[in-house]
Amino acid sequence: MATAQQEAQNKEEEFEPKIIAFLCNWCSYAAADLAGSSRLQYPSNIRTIRIPCTGRLNPLLVIKALDRGADGILVSGCHPGDCHYIDGNYYARRRFTMLKELLEFSGVEPERLNFTWCSAAEGRRFAKIVKQVVDRVESVGPWQGFLTEPGFADGMEVGEIEDGEFL
Amino acid sequence: MPDPVVVVGGGIAGIQAATDLAEMGIPVYLIEKSPSLGGRMAQLDKTFPTNDCSTCILAPKITSCYNHENVTTYTMTELINVEGEPGNFRVRLKKRPRYVDEEKCTGCGDCLDKCPVSISDEYNMGMSEYGAIHKYQPQAVPNVAAIDASECLKINEDKCGVCEKICNFDAIEYKQKEKKFVVQAASIIYAAGYEGFSGDLVSDYGYKKHPNVVTSLEYERILNAAGPTDGHVIRQTDGEEVENIAFIHCSGSRDRRTDKNYCSSVCCTYSIKHALITKEHIKDVNVDLYYMDIRTFGKGFERYYNRAQETEGVNFIRSRVSEIEPGSNPGDLKLKATDDDNGYCEQEYDMVVLASGLEPTQQVTDSLQKLKVRTNKYGFVDMDEFNPLSTSRPGIFGCGVVNGPRDIPESVMDASGAAALAGQHAVLDVKDMGVEAAGDQEFRVTQNERTRVGVFVCHCGTNIAGVIDVEEVKEKAAGIPFVEHAEDVKYLCSSDSQDLIGERIKEHNLNRIVVASCTPRTHEPLFMDAIAEAGLNPYLLEMTNIRDQGSWVHKEEPEKATWKAFELIRAGVARVKNALPLERGEVDNIARALVVGGGAAGLNAARELANLGFPVSLVEREEELGGHATSLKHSLEGRPVKPHLDRLIAEVKGHELIDIYAGHEIKDITGFVGNYKLELIPPVPKEVRSDKDLVEIEGGVVIVATGGQEFEPLEYSYQDSEQVITQLELEEELSSENQSLVRDDCEEIYMIQCVGSREEDRPYCSRICCSQALRNAVHIKENHPDKDITILYREMRSYGYYEDLYRKARDLGINFSRYEVDNKPEVSRKGDELTLKYEEPLSGKMITAKPDLLVLAAAILPREDNLTLSQMLKTPLNEDQFFLEAHVKLRPVDSATDGIFLAGLAHGPKNLSETLAQSRAAAGRAASILSKEYLLTQATVAEVDEELCIACGDCERVCAYKAIEVNEEENVAEVNRVLCKGCGNCTGVCRPHAVDLNGFLNQQIIDEIETLLAKDDSEFAKTGGV
Amino acid sequence: MKMENSYKDLSAEIKEVAKKVLAEEDVDQLLGFAQGEFSGLTEPVIIKKAEQAQRMVFTEDATPMLSKYLLEYKEKKQAVVAKPCDTRAIAYYLSEDIIDRKNLVIIGINGCPGLKDNTACDECDTRNPVISDYQVGEEISSAELAAELKGVKYLLEDMTPAERKEHYSQEFARCTQCYACRDACPVCYCDHCYVESNQPEWVEEGSSADKDMIFHLMRTMHMPGRCVNCGACEMACPEGIDMRSMTTHLYHKAEELYDFRPGISPEQPPLLSDFSKEDSEPGFL
Amino acid sequence: MIKKLTNQDLKALLKELRQEFLVIAPFKVKQGRLMKVLYQPVKNDEQLSSIYLTDQPDASPKEYFLPRDDKLGEETAGADCEPADWQDQPRIFLGVRSCDIAGIELFDDVFIENDYIDPFYQQRRENSIIIGYSCSEKADNSFCQEVGVNPVDNDNVPLMLYQKEEGFFLKINDEDKLKEMGILEKIENLADGTDEDLEALINERQEAFKEDDFTIKSELPFPEKEAFSSVNWEEVTASCLGCGVCTFYCPTCFCFKFFWEDVEKNRAWDSCMFSLFTEHASGHNPRESQEQRWRQRLMHKFSYHPKNYQGEPGCVGCGRCVSKCPVNLDIRKVIAHFENSIVGEGVKGNEG
Amino acid sequence: MNKDFKQTIKNRPGGENLSLCYSCGSCTATCPVSEQVEDFNPRLIIKKSLLGFSEEVLSGEEIWQCIQCRRCVSACPQNVRFADIVRVLRELAVEEGHFAEDLEERLDDYDKEVLRYRLEILEEVLAGDKDFEDFSLKAGGD
């Protein structure tokens, strides 16, 4: 294992983003499988978490993944209208739109937040999307967290001292 | 055990029929001539009118059919002949050699790209190539390769043999021989499907001569992301993306020159689908549709058409194309057609798609003859419209396109209906049927044990091990906290490996298993069985996909793939450590059907269910049975309805298993699948009625067959002239003794179509009016040739064989004129004299007539009380207030609510024969539930933590299955485990995280996230160790 | 220049209406504001008898959201003095069906003059009650409201995302994790907040600013379609932390993308448990 | 010994002290939309002019003794955490008022002068010199005199400052300590003041503090039994949101919790106003409702603490819990309600 | 409007299938005359006949424009046989006196003449004696 691990670590210097992919079981996970059986090659940076439906994905889990240091996120479900569970992805679409708006507002680069749809027949699209997502995340570099100074500061000691001739 | 049923054809119709029968507990032999299940639907890209991805909705259905314990699938198998009687057929079958052992082949695909031979890919309509050894389609079921003997070098010339050398399973068998064998069957369902018309059927279109002329099935593959062009709409000649494309409707259909005068029924709507999807693929593409009549008569199709026309900018040109010639640039095509305004016109396109119709293959027609089943002149099964789905030979039933042109939902309906009929021959004892082995098995209690995870890493021959260093992964995995045992295995899916897993579980007392191999989508059931076999709860398994999403896609980066595999396993361990031993719950099921509505649909459904052996309670609000059908005098084929209806009513009344509640109104409906309760108001006058009189009936399923009603026209002087009647009133008139309206001095009869249908506030087609008008007009003309009859229509929608009726009507001299919806005929009345004025759009002439009788084709409306009923049933209506099916394609008789089925006009406009077929389907679907002593709930369902729940109702609002509801008394949400499908939408929306989804717990996903992102082993030791 | 009612006039009117309600309506209690006995500060009070109504006031310090207290006593029949933002919170409760309209007598404040130091009042788009049984004060017309709102920018609108990231780094460094923001929020009414759950542990324990940021991001994701932009969170914060800019952003985005304004009608389904097939997909791949 | 200083003298003194000490003094600090007065370390000599003594600081200096999030170090099996060697400079806290001094004294009682010594607190405390400050006017919502705190004068700190017009009196209470710390030599050369002048100032000020609407009529400790049987706490605390801001700003609240980041043990502020404060792992919570938590807070300060510490109140009357409360819930109102409720019982004071 | 017109046509040999027409337009689309002459529209002629506009159909010149190439017959999916119907219409037009009795005959002769001229040109061009440019198409018409 030593070799493999070293290899992986050596390469890390050139930034190997870690991307958490939440894929719905029925379409996008199947598309990922199809990409495999079609032997389409894509970067190894994604780590897939299989969920039954994008509707299952509580947006807090995405925040959690970023909190834990994911450089990028990919969420992919069935195309709108194709949901195995009738309309789960329509709800998911609103949740993710709001999540994206919030995170981008607070300074997360849009390149890290990737939401899309991929049907069970779209193995090629899946491979393309992974490549695209890896490129996007690489373009903004490693994720440093939600704050510029994430550390603890004593509450009292922060703030701006008002200059004045009080004494 | 009931006797088996043979289902011929593994397309969507066969799969549905086999699944329904299997769910009833009847053993099924499913025979498919190709190497994979799936049929035509598996080749389609999207499906109308929702543009659903075809594979996405079909694949789960195929898998569950193939894996069903009651289904035995024979691929590459054909039927030779059938001897015997219903209940005891001997079916002789022939299985062609696959040259690959189906048991041994794991579908690993090692051999596929090594084959030196290239042959045309049948699945992609010959537009791409694969080897002599190939998988019929990428998602083949069974997932097994096959060798095309005619091309194989080894078989033909005893050269090569590379696939045998490469195969690690010893699965290649060049010496395989054709096998003939006999199975016993109680009945047979024939669902052998269809062929698209050959592209050169209409020689003027130059198919094959012009490479850029393709058929619709070929176009499906072109549109498909997994097809020969990866979903790019490009031309075969130069690979250029298409900018200008034409679709030619009726390419071969409605054409006496091809001997196919029938309408193929589906081409109009699928061409609209093609047009819309082409528009999605290519921005600014010009799409022209050449058609004669747009026949979007199915449920929801008219809106689809309107959308294409009004918002998507698809051009519709009312003309048949006479011929296709080469265009001015190479590869371009020139179409010659007729313009409504200017006569002759010609237009050039980059690509032309022929909307080819449906026909039974010669093979189908031949084997029908071998089965001694009568076919009609077009080669389809000859079918009695009062006894749909039955063939001329008792015990043999047809479903799908063998019965005539039809779309997917109709085929699926056929299938469930045929299952209901075929099942009647197979059933021995209802109590014996289909009791699923619920939590029969006792599993080891592991809750109080220390967590001991077993990790099994599969080489999959070289599929994984060729890229990933499996042994290193195993070594490393052994060091993950909680891992008690790690092992690498050559092929985990082989049966001795399954035994090995069991042994290791016992040896090391393992209580969690991680299998690192291929995709859980196909292999999870296998490994779940294996660990259940060893006494471990099957939900304590986690699969990590290091092949399909590992070695196969990272071939160039073996180190990274190895590291990734390890990380995935580590995350799998983190996830499985919090897995709960889940169980499927059992819920009592009342073996009685509640049929609401005593019209043709309800009566027929009740009869079929009773014939299957299930008790039925039939509720009808009127005192008399028969419903809408009592006012029909003759069928569309012209046969009297009454004798058939009377016989049906008599059969139902006389059936010992059927209780009839005539004159009863429904007061309330409660419960859910397995346990529905109807509260009925008996026919006691209001004044003397008390609560004591209310009747309560219970059943496991409800069939909604409440019918529809005829629109009462407000226009065309209907309200103020006796000479203006509806088609239904005309039928009554025609059957009465003294015909008061169609008398001698009534010389001129006009009929107006689409009265109340296909208008802004009712944008659906009532489907049957065109054929009904044709039928009535022909009837009059045949009896009174002197009468001058004119039918004013917008599109003549004589789909299927009714096209013959249309031709007959024209032949008899009945006049046809079109009108436009924004320029409707005007009718005025002066005394007894009616004046009708309309503009004939082709000639632009204003025509004035003085009809003696004006017959209006009034729309079919949903019943006004549909809304009340739908609220009681908690099942939705569609935009037009008809009952909405669970899925427009694949669950056309199921409502969105489990255990509620739809039949007849309550579901949407349809003719009597279609109603009878659909009610049989409802019976078949109902039987698949009723036959179970218990209903099993899913194990991976949502669960509510009552402490956390705030009763905000978000979960209830997002649940598509009404499986979670706020209990107003207790102020908490409650999950109905029977209804829950485990989608987790409630879990995704819940703020206090009170709802969690078993199998996908928040804790599990968080652990997985944290472990996947752990920077190194030591960090993992911390997070993974807690 | 805001067209508004004076606190004095409103106080007087509220007293009268409160007396009337307590005397005539069959209510168990009335929620309002009174002057603190020792502090002189405005504090929420529960009043049960008409004679106690004399104590009632409405001042520029009437910050607490009385709507929130309704949920504590939802079995009782209650009257409440409701600022327009309170009425929106109440309409939201009704849309979730967590409180019974029959148990409510709403005394709505028309032409709300706003509160001291509450920046949310500067961008307030609801200055009359959306639902009420009694009303005090003069209504503000929609034209007047529109004129006032013209050119109003919402919090941090002009910053770049990177500037905001810096801003939040400064802000959350002060957080003491008292969660007064949550406790003061009328639509944060879970019995057990996710931040206090340790299995699973949504927010890890510890006082570093990034954990506070996580808490607020997660809380904000519970807010789209719920936050009525009342500013109570920010007003409650003893450290003066700006967390409202996040919820406010989604408040405006929901309006922009879905034409959705939380709590404007009891019939409106909550934003995230509803969808339209035509919803846009901004920024999706 | 009393010294007399001009503003310049004080600044010069502080400048000198800064050579050896970390001087922590109140400043006006802008935090977000709020302007607060907070103790902050003086970072440079220029800042000395900005020291702001006029108003009561928004927070007591307790955070410098019991940090909000105290990293205690690695905890290994079977061994307690030991404080790492204190590396910081010795600290001087300038301008601490009597209420906050009383708060620190209370901490000393709890963390040092007890059977259990908290080594973390002890190190910080012994490393600190406090220069007290005499209040010239009553802070908003304060009631210090009602709990036995003299806002104007204090002998419990080594040095006490009294501001007067353009200058200060500096009273030296503990020469030994100052000598030991090497401070005395820096003060000795300053101009002397007179006891009379200072006394006059103190008396004048005390006059101003006499009037208050609020008095505590009961003796400490408050009776415990009646608190449980005779008081409707809900009636008076219904508006409480349970945010615990009162306890965070309280100079005497010291409750904490432990948590671990991996193997690092941490100690962070906790609050009896939080519902989780008393929740058992089983899910059972002995103080289920907010009014029960209020009862606990009040009784801890006015009954349990006095009982355990020779009748000393657990409240220093600084009034911050009232000023900081998001719903302006007033502890004085609660005390008054308590007293009114038990008056009917004929109880006044309880030594039990 | 002549309601019997349709029946009149159907009663004559060649006109039997008139009413089978469903107006698909294949005839017009394939017609070489329609390609040249905008107003010549077999689909419309059939429709007008079916509607009974006998006067308009019979008196118009359109029915004489057909060159009887019969492409419409092979293109028609319903076997309406427009070329045959045109002949019936011409008969009727003559019978009703709209056109001279020998018009058909003379057109035939003229067609034969045109054909002869065509062959002549072809012969000379193929023989290399002349070029197509040497023949004025208009000359033949004059």
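So that you can tell them apart, the chains are marked A, B, C, D and E in the order they are listed, and the count of residues begins at 1 in each.
By our rule, a residue touches a chain if its C-beta (ideal position, glycine included) is under 8 Å from a C-beta of that chain, and two chains touch if they have at least 3 such contacts.
All of these numbers come straight from a predicted model, not from anything done at the bench.
Annotation for chain B: without this chain, the others separate into A, C, D | E by the touch definition. Common neighbours of chain B and chain D, listed by label, are A, C. When chain pairs are compared by contacting C-beta pairs, A-B ranks highest. Look at the CA centroids: the one farthest from the centroid of chain D belongs to E. Separating the centre of chain A from that of chain B, both taken as means of CA atoms, is a distance of 35 Å. Rounded to a whole number, the gap between the C-alpha centres of chain C and chain E is 83 angstrom. Separating the CA-averaged centres of chain A and chain C is a span of 33 Å.
Inter-chain spacing, taken between the CA centroids of chain A and chain E, is 71 Å. Along chain A, residues 59, 64, 81, 87, 91, 95, 152, 155, 158-159 each make contact with two or more other chains.
In chain D, the residues that reach two or more other chains under the touch definition are 31-32, 36, 68-69.
Counting partners per residue, chain C has 174, 176, 194, 202, 204, 206-208, 239, 272-274 as the residues that reach two or more other chains.
Taken together, the chain E residues at the contact with chain B in this complex read 1, 3, 6-7, 10, 19-31, 34-35, 38-41, 43-44, 47-48, 50-51, 53, 75, 77-79. The touching residues of chain B, when paired with chain C in their complex, are 947-948, 950-954, 957-958, 966, 989, 991-993, 1001-1003, 1006. Against chain A, the residues of chain D that register as touching in their complex are 7, 10-11, 27-32, 35-36, 38-41, 47-54, 59, 63-64, 67-69. Those residues of chain B that touch chain E in the complex are listed here as 204, 250, 254-257, 292, 318-323, 336-338, 342-346, 788, 796, 806-807, 810-818, 840, 842-843, 845, 847.
Of all the residues in chain C, the ones that touch chain A in their complex are 156, 161-162, 164-166, 168-170, 172-176, 194, 202, 204, 206-210, 213-214, 217-218, 220-221, 224, 239, 246, 249-250, 253-254, 257-258, 271-277, 279-285.
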